[in-house]
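We just call them A, B and C in the order they show up, numbering each chain from 1.
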Amino acid sequence: MDESTALIMVTTTIESIDQANELAAALVSQSLVACVQIDGPIISHYRWAGEIRQSNEYRLTIKSSLISWPRLKSRLAKMHPYDEPEIIMTVVDDASDGYRSWVIDQST
Amino acid sequence: MDESTALIMVTTTIESIDQANELAAALVSQSLVACVQIDGPIISHYRWAGEIRQSNEYRLTIKSSLISWPRLKSRLAKMHPYDEPEIIMTVVDDASDGYRSWVIDQST
Amino acid sequence: MDESTALIMVTTTIESIDQANELAAALVSQSLVACVQIDGPIISHYRWAGEIRQSNEYRLTIKSSLISWPRLKSRLAKMHPYDEPEIIMTVVDDASDGYRSWVIDQST
């Protein structure tokens, strides 16, 4: 894989649709990412303080370039309202050429 | 990883549920893929012509075999109604044996 | 990648929201996973007995540690009500430090 043209998919979750839209628009407007897709409400199951809990959240699926990742990782953690948000990143193994170019152009 | 039995997950988006169902059925019926899952509406945020926009879309999550990928990539781009659709592919790192066999059988 | 701190994302699907919530709660309570997110209903397209079919399902997106994977893979297959459920796993390439620690703590 050529690291200079690799794409990434980053996922985070947030508790309201308004926060999700605000974070998505901020990420795109700052050219940290090419696009963000929001789905939800999703139901999250997890353990907190020894108890199993469930809560509704919205999920952001972010597409960006691998070379933007260090900056995106740091900025997203600061922009996110949670103390410890889920921020996970997977490198995309292949993409259509036109889409790849568009993502690289938008997020570098 | 054994490339001949590797599975892939491919994602694309499309603007209506009717288009999503039509594309999904065509991919399965042509044995290009084993299954397609549609979720949505999702909200997409992106920049177009210098402006931040948002629009509703439906997302297709496609499961196929790695050996089908060159053919799937090319055919999906032709079948998709967008000029530059999102087509991204990730190789799956592991899967249950029965599911792996079923996907390989359906998409080669 | 350091295998002892690597995270994984595992996906499965199930036919009702009640089954989805029950499976998610069981996975978290048994410390096999850190969290499970449920979305749906999604529409699944696939071929069965030579016919193209579609059905509604719910999708579970599971976050756990790579070292838990052998145990999770085996247990999930037994806990799942389907004979041949979709169980696919992708290793996460990077994550925020706090989230990584939390997942590792919850699922080992």
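The criterion applied here is as follows: contacts are C-beta pairs under 8 Å (C-beta built on N, C-alpha and C of every residue); 3 or more make two chains touch, one makes a residue touch a chain.
Just so you know, these numbers come straight off a predicted model, no measurement behind them.
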Q.
Thinking of each chain as a vertex joined to the chains it touches, would you call that graph a line, ring, star, complete, or other?
A. complete
**Q.** Same or different residue numbers at the chain B/chain C copy interface, by half rule
**A.** different
(Q) Using only Cα atoms, superpose chain A on chain B and state the rotation angle in degrees, rounded to the nearest 5. (A) 120
Q | For chain B paired with chain C, centre-to-centre distance based on mean C-alpha positions, whole Å | A | 19
Q) Among the residues of chain C, which are close enough to touch at least two other chains? A) 39, 90
(Q) Considering only the defined contacts, which chain A positions touch chain C in the complex? (A) 8, 13, 39-40, 42-47, 52, 54, 57, 59, 69, 73, 77, 83-91
Q: Mind listing the chain C positions that touch chain A in their complex?
A: 7, 9, 20-21, 24-25, 27-29, 34-39, 63, 90, 92-96, 98-99, 102, 106
